[in-house]
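Taking it in order: structure first as structure tokens, then the write-up.
Per-chain numbering from 1; labels A, B, C, D and E assigned in written order.
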Amino acid sequence: EEEETLDLETMTWEEILEEAEGSEVRFYGWGGDQAINDWMNGFVAEQMMEKYDITLEWVPMNIDEILNKLQGEKQAAARGTADMIWINGENFFTAKSNDLLYGPFTEMLPNFNNYVNSEDVEVKYDFGYPTEGYEAPFGKTQFVMIYDQEQTPNPPTNHEALLSYAKAHPGEITFPAPPDFTGSVFVRNIIYDIVGHEQFLDMEAEKEVVREAIAPAMEYFKELKPYLWREGETYPATLAQLENMYADGEVRMVMAYNSNLVSQRISSGMFPETSTSVIFDKGTVGNGHFIGVPFNSYNRVGALVVINEILSPEVQASKYNPDNWGDLPVLDNDKLREEDREIFERVELGEGALPQDVLLENRLPEVPAPLVPIIDQIWMENLLD
Amino acid sequence: MKEVLLQNINKFYDGEETIKNLTLKVEKGEMISLLGPSGCGKTTTLKIIAGLVEADQGKIFIDGKSMDHLPTQKRGAVIVFQDHRLFPHMTVGANIEFGLRMKRVPKSIRRKKVQEMLQFVGLEKQGGKFPGQISGGQKQRVAIARGLIVDPAVLLLDEPFSNLDQRLKEEMRSFIVDIQRKLKITTILVTHDKEDALITSSKIGVMFDGELKQYGTPEELYEAPNSLAVARFFGEINEIPYKTIDDGKIHTAIGIYEKDGRLAELEETDKLLLRPEAIFLSKEDDGSGNTIRSEIGNSVLGKVNHRTFAGEKTYYEVDIDSLRIRGSVIGKGAFQTGESVFVHAAKESLIVCK
Amino acid sequence: MKEVLLQNINKFYDGEETIKNLTLKVEKGEMISLLGPSGCGKTTTLKIIAGLVEADQGKIFIDGKSMDHLPTQKRGAVIVFQDHRLFPHMTVGANIEFGLRMKRVPKSIRRKKVQEMLQFVGLEKQGGKFPGQISGGQKQRVAIARGLIVDPAVLLLDEPFSNLDQRLKEEMRSFIVDIQRKLKITTILVTHDKEDALITSSKIGVMFDGELKQYGTPEELYEAPNSLAVARFFGEINEIPYKTIDDGKIHTAIGIYEKDGRLAELEETDKLLLRPEAIFLSKEDDGSGNTIRSEIGNSVLGKVNHRTFAGEKTYYEVDIDSLRIRGSVIGKGAFQTGESVFVHAAKESLIVCK
Amino acid sequence: MFQLKKSSIKPYIYLLPVMSILIFVFTLGLGISILQSLGYHPGIGLYEVTLDYYREVFQSAGFFSGLIFSLRVSMISTVIAAVIGVSLAYLLVMQKKDYRGLQALLKLPIIVPHLVAAFLIFTLFSQSGMIARLGVLLGIIEESRDFPALIFDSQGIGIILAYVWKGTPFIFLIVYQVLRSIEQDMVEAARNLGARGSDVFFWIFLPLSLPSVFSTFIILFAFSFGSYEIPFLLGPTTPRALPVLAYIEYTNPDWTNRPYAMAMNMVLAGISVMLVWLYHWVFKRYQHHRKGR
Amino acid sequence: MERSLSRILLIILSLSLILPLLMILMWSVTVSWPFPEIFPRELGLRGLRTIFQPGSRALDSLITSIRISVFVTILTLAITIPGGKALGLYEFPGKGFIKIIVLAPLIVSPVAIGMGIHGTFIRLGLTNTELGVILIHIVPVIPYGIRIFTNIFELVGDQLEEQGKVLGAGSFQTFMHITLPTIMPGIISAGSMIFIISFSQYFLTFLIGGGSVQTFPLLMVPYIQSGDRMMAASYSLVFIVVALLALLGIEKMLRLYYSKNSGIAGVFYTKNSD
């Protein structure tokens, strides 16, 4: 293994390709979406096999569990089974600060160099944390709220409208309570909407500082609470449950840190066809998700080849297609060749989803990772007795 | 004190007729015995009375009331099981107490009664042990005590003394008989010991192969069995070949008898039987000129073939020509194998059997 | 054919000494019996020999080899348990076959042997039934058959006949004795029936309360018991009060005897015992002038207090002044309650007991 | 009931394989957990051994309410499951037929993983669930809000429902097998001595199956007291069951929070051991009491 | 009358336990089913089709799952039967303590246990292997096995074993011919529990199997955690049906073995006696 590491840095891409041929690459990541699983097992795996004779094994697994496993392996200095992991945000922070990732490697990837704007904040930073080449961009999402247009012809697009909407329909709005991932994003969006987002980007991860900064937002939540589902005494435990409640008509709004969720749910029949995505006028939080290579990957060359391919316009476009996934591409439009740009333009957006440019224009950066648990904590202290 | 009546009971197990058209009446307060070889259906009969096994045909009445579909616990007929069936999770004391508890008898009374019972069956010290910790005979005593304590209206005892030594068995037997008489509990005793049956019961039924062959007083059964099988059942028996010659006398292998009294109605197809203890042996020549035996009726000469000492008595096999008969003599007996002896039997002890 | 030797065995249950310093030797190929009241430790003794219960002290040797820590299955001592312990999940046939299977006997031989056994114990028809479907006596027979079929080196029989009727028991008993003699299986029979013990065994041990009180031949035990308890154990017995007066004669309640022969060594602390069957009764006046009884030694007059018919014999309770004795008479007996009778006993039948 | 054998070495040999696995698991699993709960976790760069994490766990706001919530919910659900499970087993054993099909079907809830059970209870008992819909159909309620809040409720009813649903067949399965192995002979003997149906149950079936009921009870209780899936998915946001608190700490991507999670797990395990020990003690005394009467 | 009443009660109780499962059946083919409708508005087969489509990993992983759980069941029975016997039949110092210790896998959270053992398994080369997964699955099922067998042995005692030994059966023979058949009810209930728990194991499988050992729950759990009810229900349905079939199959085999050791002999003797 040691040899390989040394070699990699000096190897040419051709040598890497040659080395990777006929090997097996294991890609670990969240497996709770049938479309994504199908796309991974189907299109991506086939591409790899055809182009590079690489067998791509998609292993569905939650990221926190993957990191635990890596950590155990690290303590025992063991060879790993994962060659690529789907990662972002706090988990990237944890992985990197615990030396669980191999890198930097992005510069070795021709497609990264060719198509990705390495100076883009969303490539350079992940939840405010510098990526430093330890993870390659995979896709982008943005927080959206989803309403049924038939029920809600004019969905609220700022926190005040949301409050009056809740007052008009008491008990029909709710969100998963932080520290649930999505609920936590929702809270941050409201905070952004009330106190703006700029101050957080370099805020000290100090509870008192944060508490003061978000105090008005906490007041807002207290005001909102009585109009929430079950008067805010309790919240759904997971986004999945909220989705089901929305699908069954128990609540009027559902949310997703996945701008394309609505079109998937509509096409699978779960959500009413009149469902639509909504963002705040001031924008909503967006973030990127990435691919990392575990420190103990057995087949790094193979991983590099696959990641490189994922950064190709074909794969990115296929991913953008809502029939496959609908995830926003990470390639820099300016760097794309004309014919590649056309591929993207040909992709038809699904129902209820907002187009890429609308989203990108109203995209707010995530707070730095260390602030997230602090905000969650403060919210809990204020709103859960 | 209840009357028990079985009417034309039939029971099949796996298509085999185990109880055949059984009719049996036990009077109020009476104690009877059921005898019969192993597997003849005695236990099954008790279970049918108690309602643990359903008869395929026939009716059961207790005190005139039909027992159809009446569950066991309402019949008031308590079985003391052959295989004890003690509750393994209860102590000896709790086992005995069980029936009283079921009757919701107050605790203080229960305690007293259990103490009495324990004492009676000689298990004062074992009251706190579990069934797995006591001996076979002790188990049997617990089973008896458990059944007796509830003063059942009908008591069904299934070989209750089989694991007890002679002394204990006699004690228990007379205790049960006492209680039975005092409380006039209608009782059926199943036993394989003819002495138990004869001593305790006013009537005895003998079963063979699911059939009640004879039912009568102990004397009747003992002295006038209606079949060889029944006769055999009350102990070993000698079948005595005979001829009735024109002289009106009965010529048997052990002597010639007048055809009168008991023998008056002897028909050719009947059998003549003789119990071992009815056979008297005397020495051909005992030296002292003592002639005790020879004084009693006629006698024939035989030869001792085998001798078995059985304590209280001694068995002899004696060959009279080609006939081998068995006799028993109280005490050690003075005859040796190979010795010649006079064999004699009183006319009154001859049994005529159809 | 193996010798069994127990040396100073002690066993405690819950702190109570159940077996007390038991020493017992059974010769090769011999059959002995263990007798004793319920709970005296007979079963426990067998279990100790078989290795199912560990003695707290003492040693066991089979054929001279110490059995310390030798597991049950290697001792070759087979118990036929008092409570049968049939395997509920196997048919009667499979139960009997079990031991042979464990010995890896070929199937064809097994089949043949099982068939023979089934036939012998009279269960040809029950071979396919499960233990829950057969009667108590049938279970007992299966247990016997299952133990016998393996030709054990040492056979331990724990009350094997208790649930069998007289005929069947006699058959089984002689079958077992035959096999035992033929194969010279060292056998210990635990029984509560003195007749079983006396008939089958070359030696008998009597246990009380965990102690072996006497061990000897049947005759020794019957005629010279070393304690009242042992004597009692072989059946009811009368204790006869007596005085030795200066005239050198022994004055008893039933007559006066010379102090010679058996009585020569009678000491004042000894007891004088008399079995019921050794008591002869004769009518004070039987009308016919028959004087059979009065011819035998001296006799006293008594009064019949109670009469119990027991088939083969009849028991009488006779009061002689304040002494009540029990006598038995073969057959129905001619005496009525209240009648006066002559009571007489031969000197030879008096038992002296320390 | 019967004499337990005293043997110096045999039981230890019998226990050797299973105990060696347990001890292996223990020294490693528990040892490492304890170390981590004390703040020693070199893997994530924590080296300082301290009791601070425990202190904070005990001082944290949700801890006691969570503990009481956990105790209450697992106690209630286990008791209900035991009562229904034992009744079911008894009812079935009293039938003439043995309803093989029904038995197989009753195994289904055991097979269903806890996550799926939570999903099921949610679709049945949430305010837009099946029961609520039936309520609308029958005109008992008008809209979903009229349906009582059984899921995410502060009483933990949803959790209890889920545990009862999973636990009842488990108790049933075990107890039924025990009851069936109780010989019919015993029942006959009891009835013959005047025992009615309920007497047979209380005096024969219950005492003979009690050790099994007790064992399954302990297993269910310990399981429900210590696991997070169902209370996480069906429980209220406050109070949160103790295992949920530990789980949330554990999944915190900031690994320096790990010691809290571990400390909570250890406290949880400690309480569990104490409770189980208490149970054993009570049970023993109860049995003793019966024996010594 | 008493009996019919109890039968009704039995049926009601059983149904209330079984009927909820209909929801899984329904949802596995339900596309949309808004409140307050009693029947789904739209049906579909996306879920089941995904599972059974050619090249689906679900089927392979089912086979892996069954194989693992069968081994786990056998191994666990092999170690917990003697353990239960020791606790059920013997009196010895430390018994009370051991009785509590065997509950440890329930009391100490599997996360803690798994993490603790992970490192050791790595060093032993057991991670990412089926063997490792089988071994780790044994841990959480130990309490079930031990407890059940302890109770069973307390109930049946050792009288029949004694009888077997007296008739010359060695320890192994006694075990096979006497012990096993008499504790068969316990084997069936403990075996079922062990199989089920192993079959639905997720966290430990992943941790030790590292994703290279793919059992069915590894595919199923992410769906159950997601909001896609159709996929969740479809996977659950397949899971439940397969587990039930496997269970019944195992039970059937055990019973077959059981009757082979008694019934055939019965047939033979009945025939011969006629």
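Basically, a contact is a pair of C-beta atoms (placed from the backbone, for glycine too) under 8 Å apart; a residue touches a chain by one contact, two chains touch by 3 or more.
What you see is a predicted model; the values in this text were computed from it and never measured.
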Ordered by label, the neighbours common to subunit A and subunit D are E
Chain pair with the most C-beta contacts: D-E
With centres defined as CA means, the chain nearest the overall centre is E
Need the CA-centroid distance for the pair subunit C / subunit D, whole Å please. 58
Hey, how far is the Cα centre of subunit A from the one of subunit E, in Å? 38
Where the CA atoms of subunit B average out and where those of subunit C average out, how many Å apart are those spots? 20
For subunit C and subunit E, let me know how many angstrom lie between their CA-based centres, rounded off. 55
Can you list the residues of subunit C that touch 2 or more other chains? 13, 83, 129
Could you tell me which residues belong to subunit A and also touch two or more other chains? 72, 75, 238, 241, 244, 248-250
Where subunit E touches two or more other chains at once, the residues are 35, 115, 119, 157, 159, 225, 229
How about subunit D: which of its residues touch subunit B in the complex? 1-3, 185-186, 188-196, 199, 203-204, 207-208, 290-293
List the residues on subunit A that touch subunit E in their complex, please. 26, 28, 30-34, 38, 41, 59-62, 65, 68-69, 72-73, 75-76, 78, 80-82, 238-244, 247-250, 268-270, 272
Where on subunit B does subunit D make contact in their complex? 50, 52, 71-73, 77-79, 81, 83, 85, 87-91, 93-94, 98-99, 101-103, 128, 130-133, 146-147, 150
Touch list for subunit C against partner subunit B, complex: 13-14, 35-39, 42-44, 82-83, 122, 126, 129, 133-141, 158-159, 162-170, 192-195, 198-199, 218-219, 222, 232-236, 275, 277-278, 292, 295, 308-313, 330-331, 349
In the complex, subunit E residues that touch subunit C: 159-160, 162-171, 173-174, 177-178, 181-182, 184, 258, 261-263, 265-273
